[in-house]
Amino acid sequence: MHENPAVGNEKAAFEPLIAAFFCNWCTYIAADLAGSSRMKIPPNVRVVRVMCSGRVDPQFILDAFSEGADGVLIGGCHPGDCHYQEGNYKTLRRFRLLKRMLADMGVEDDRIRLEWISASEAERFRAVMNDMVEKVRALGPLKLKPPAEVFAEEVAPHA
Amino acid sequence: MKFAYYPGCSLRGTGRAYEDSLLAVFRALDIELEELEDWNCCGATTYLSFDELTSYALSARNLAIAERMQLDIVAPCAACYLVLNKTQHYMHDYPHIDQLVRGALKSIGFDYKDRVKVRHPLDILWHDIGVETIRSKVKAPLKGLKVAPYYGCQIVRPYATFDDQYAPVSMDRLLEAAGAEVVSYPLKTRCCGGSQKGSLPEIGLDLLSYLLIEAKKCGADVIATACPLCQFNLEVFQSEVGSRQRPISMPIVYFTQLLALALGAPFSDIGFKYSVVPIQPVLRQKEIACA
Amino acid sequence: MPEQVTTSENSVRDPARIGVYVCHCGNNIAATIAVDEVAQYAAGLNKVVVSREYKYMCSEPGQAMIEQDIRDHGLNRIVVASCSPLLHERTFREVLSRSNLNSFYFQMVNIREHASWIHDNRAAATEKAKDLVRAAVRRVALHRPLEPRRVPIDPAVLIVGGGIAGIHAALTIANAGKQVYLVEREPTIGGHMAKFDKTFPTLDCAACILTPKMTSVGAHPNIKLWTYSEVMKVDGYVGNYKVTIRRNPRYIIEDLCIGCQECITACVYKAGKVDDEFNLGLSKRKPIYLAFPQAVPQKVVIDPENCIEFKSHRCKKTCVEACAERGAIDLNQKEEIKEITVGTVILSTGFKTFDPRRRPNYGYGRFQNVYTSLEVERLINASGPTGGDVILRDGTRPQSIGIIHCVGSRDHNTNRWCSKVCCMYSLKLAHLLKEHTGAEIYNFYIDMRTPGKNYEDFYDRMLDEGVHFVRGRVAEVSDWAAHPSEKGKLIIRAEDTLAAFVRRIPVDMVVLSVGMEPKEDAHDVRRMFNVSCSSDGWLTERHPKLAPVNTLTDGIFICGACQGPKDIPETVAQAGAAAAEALSLISAGCIDLEPYTAKVMEEVCCGCKTCIPMCPYDAISVDEAKQKACVNEVLCKGCGTCAAACPSGSIEQNFFEDEEIFEEIAGVLTHA
Amino acid sequence: MELKRTVKFEADRDPEFAYWISHTVGGERIRHCLQCGMCSGACPLSLYMDYTPRRLMHLSREGFKEEVLSSFSIWLCTCCYACMVECPKDINITHLMYALKERAIREKFYPKRFPIPVMAREFAHMLLRSGRITESWLVLRIFLHCSLLRLFGMSKLGIKLLRSKRLRFAHEHIERREEIKKLAESVRTAKERMAL
């Protein structure tokens, strides 16, 4: 389906690929801050910017997995701090649902993660990144029970 | 309420008064104690300067034993209390220490899960039992006895969370509950010099004389301590301090001795027989039974 | 792959001709990313016509290069891989509109903050940059032309906080002929500065320079001053904020009170009985009082906590009698809710001083002769509790005084930051105390920080005046005398680090130079106005250098010590800047908002109403006739939550359409 | 009074020592030290120290090994933790003192018959041998190693204690002494493995 050079035969060589959806007001800025503070973060994460974590449609996550992500991270503002008042609560609700569904499909818990990281929490951002990459690396490449294409059609409508 | 009792070497040596009175107090308040099975020396502060890492393993053995007994530890000796706490802290903070200590414990058949809490008698009496309960159980209140509470270093600093680092009050409250009059003692957490008295007598004496003279100034009849070493230093070297300035005679007792007395334990069973500076004169003067 | 969403006819896509520009940012990017490699790679991507690298894309020539290419190669989509879009997205969008391209035919790739600066593995970083560029290329091909929403700016300005910052900003804007609402929580404006005696380094008296400004605020026709009031709610968006303000009852009809203070004299309490907030409890006031002689507005206040009438309803109400013919006292006054509309907001909510009880070893609260610096300001102030005569709580006059710097600053146990002003005000206090008492003065400092115009000269002057300077942080203040000379004194114990030994210095008075902290409710303010806070609690600016008084929320500005510790000159400068920013918006008359609003594809919408509760702004309603959802573009703030929720995928968010995001996802993940 | 060269050459510094101190347990933040002297001020023993704790911190991070390890101060530390709880930069000063002592003992940086290191050694040996400490014997051994005269000086005290039944000469020890040996052994090998 996709040729991720990171995916090696023996686990040692495996470099996970992680898709991240960051809200424009908190986590994306935290990421920028981490950058301007020259923190060191593993290069395994690919960021997609959205205005609010509330915009993150469960389909995005399923799509990311089917496109070859080994893990997905959603970053939003802390509860109560949402730039749009309550977008992050909506995300949380959806996220819980989705997580159960993914579990059924054999996606391990550590592969999908929702984190509240405020604009000033560059340090926390770094910690989360490192931790996530570590955990997913330990899990190895994503293996889905049904073939990816099939499940995208099967599941997406229910999302 | 039940704890694993970790006496430590001192309470079996120079600090026997502490042990006797502590057991009496806990008995009076029906706190059950089971001696830590085949406990070993915690390494105190001395061992740390000889071989840090080994000292963690040694004190961890006691933690592991308590865990096997499924009890929290009560460690009356300040040094033991500190070292056991410190071991736990450092195992959390430093993976290499954690790994090393667990490894060592494995080698003697312990699989340490870190489920033990290390408690100090002050903590237990103040928080778990509570001042009110104690007051209600006091049979012979220490009316008019002016006590300077002396906490020393290693109980409140640096790991204790049960009391304030700068101005601890747990002992104050407990002694008040026992009917004693607690004088405000500015040096309550100032160091007594620890083992320095042995190695550098002059300096040790200086520190001790500060503590003793200040306590007198505060109008204290006795100093109450919670550490065998503090008690030893303050009591045994009084004559030397005295010989430098005007002589001092200040009974130095364990807070548990005063509590036990108030809770009605027989005077003869709570370690006063080991005193070098007898407390009886003060007690008689205050008309507190001491026979 | 998910099905293609049908798109509303108004925006058909023309075949994409994409130009990709990879920036070196000097060495910031080039150092860790093989820029040329990325550019070459991009050149090979589908629909890419030109791909270039350049030292500084944001520079004049960089921009010109893009414009040139648009002309020469007929580009209609632009991708720039450089820094964070929050920095330069606008810059490059303008380039497009200058070349008559819709400015939303642009996608920015962040390979600096998100790649070069956070990685050291060149190969990996370069790979990542390629992925991100590829994603942008695939995404931008789908972009539609969008028009920013132009909204008018209401010329009225709300200023929250009436300290020197708020006062200065208010006057600046009001003098420009615009309406200002100045809201202050306390019964008077003036803030901390009103409490000060003199100001460093010029030593001009704080009152003399502040009170005139306060009076003109009170008198200014363009300023609506609401003291004893608080902002409760903020709605709307830049240009059009709806603000709800609660005016707490002061039990005085402001329009009738002339500040004659007869009522205060008449109060059944012959002497003050409550701690006087303005003098920090060093003196007493009556339950009916005027905060301080030059208070603005000159209107008295009754505090119900301590007024007999309010507690027992058994007061003779002599105050009411005294004010009989004006009848300004209204004991039944209720709180009043005001609703206003403003275009912009300036936050100048200020700071609070560190509570030295959190550093028990300095004995504040335990020893009566330990004071905070702010208390000392009142103590030496001619209108203070002792009329400027420095008499200690125990009635004596100090012969020796220790001033302890960095109390609650530069300290991992309390506040880690340097409060910036303490060194200078400690020097000032040293001078004033010497002047008032002739006492020996000892300053205990860690580092003497006097950066500022004429500040160092002031330090020299203190050295000349014979003030002692001991370089060392004080470990403890005690009353424990270890030497006859220390009897009855407070003993300061510190290492004289320059002499390299410990000193014990007995003094009669200890002054704790307390640091500055964020207000305890800084986080509520932050939430209410939708701005962000540093983890310490200081409000954060949009950019520390280039947008120091702006916030991430358009039309909301910050100034003064709510943004971080600063002295009066700096505060006033910032207040001016904030005022100017507000005025420039006002005189522009309108502002363009991102068109990231949601839109409903009616042909797909089944009217299930799932989206309705999703919207926090009630921007979505159902057209009963058509049984379709419809979005009110003005109310929509463009979060996209509804789009994510719509089961039929019939709601799209401009610039964040499902398709576009799916392309981006596929782009970052699929290695070509 | 004799004149002494006080100038320091770069050659006098020991970079290894500087590196060690900032990488040893507790020294992580030593480079943050403000040199504010809070530790010295709080230290009950600093009144007697040749180098105040603050100076030791700086000398160590700069790598002046000789000065630090041969200083009297490290032996004066009673581990009361006053410095550590006060340190505005959260430097674990007390623990660094341990580290310095440990190293000074390892590298024999102390005057002959100097009691403190002797005590540490004796204490350790007794602990390893019997798992517990019998104070009476410990005291005895220490003074034997330091100076017999001192012992006589102390004899009055000894008698006092004997009379108060507080000194007991029965050797305390634990049941499973072999466990202590095993522990020490396993730590030793682990240390070698981790190259600590």
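By written order: A, B, C and D. Residues from 1 in each chain.
In this text, a residue touches a chain if its C-beta (ideal position, glycine included) is under 8 Å from a C-beta of that chain, and two chains touch if they have at least 3 such contacts.
Values in this document were obtained by computation on a predicted structure and should not be read as measured data.
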Pair joined by more contacting C-beta pairs (C-D or A-C): A-C
Distance from chain D to chain C - Cα centre to Cα centre, in angstrom: 50
Chain A and chain B, separation of their C-alpha mean positions in angstrom: 52
Where chain A and chain C are represented by their mean Cα positions, the distance between them in whole Å: 32
Interface hub residues of chain A, defined as touching at least two other chains: none
Junction residues of chain D - those touching two or more other chains: 47, 85
Interface hub residues of chain C, defined as touching at least two other chains: 361
All pairs of touching chains, each written as two labels joined by a dash: A-C, B-C, B-D, C-D
Residue ranges of chain B touching chain C (in the complex, touch as defined): 164, 166-167, 186-187, 210, 214
Residue ranges of chain D touching chain C (in the complex, touch as defined): 34-38, 40-43, 46-47, 51-52, 54-55, 85-90
Chain D-touching residues of chain C, taken from the complex the two chains share: 361, 406, 410-413, 446-447, 471-476, 493-497, 500-502
Residues on chain C engaged by chain B in the complex (per definition of touch): 360-361, 478-480, 482
Chain B contact footprint on chain D (complex, rising order): 25, 44-45, 47-48, 75-76, 78-82, 84-85, 94, 97-99, 101-102, 105, 115-116, 119-121, 123-124, 127, 131-136, 139, 142, 157, 160-161, 164-168, 172, 174-176, 179-180, 182-188, 190-191, 194, 196
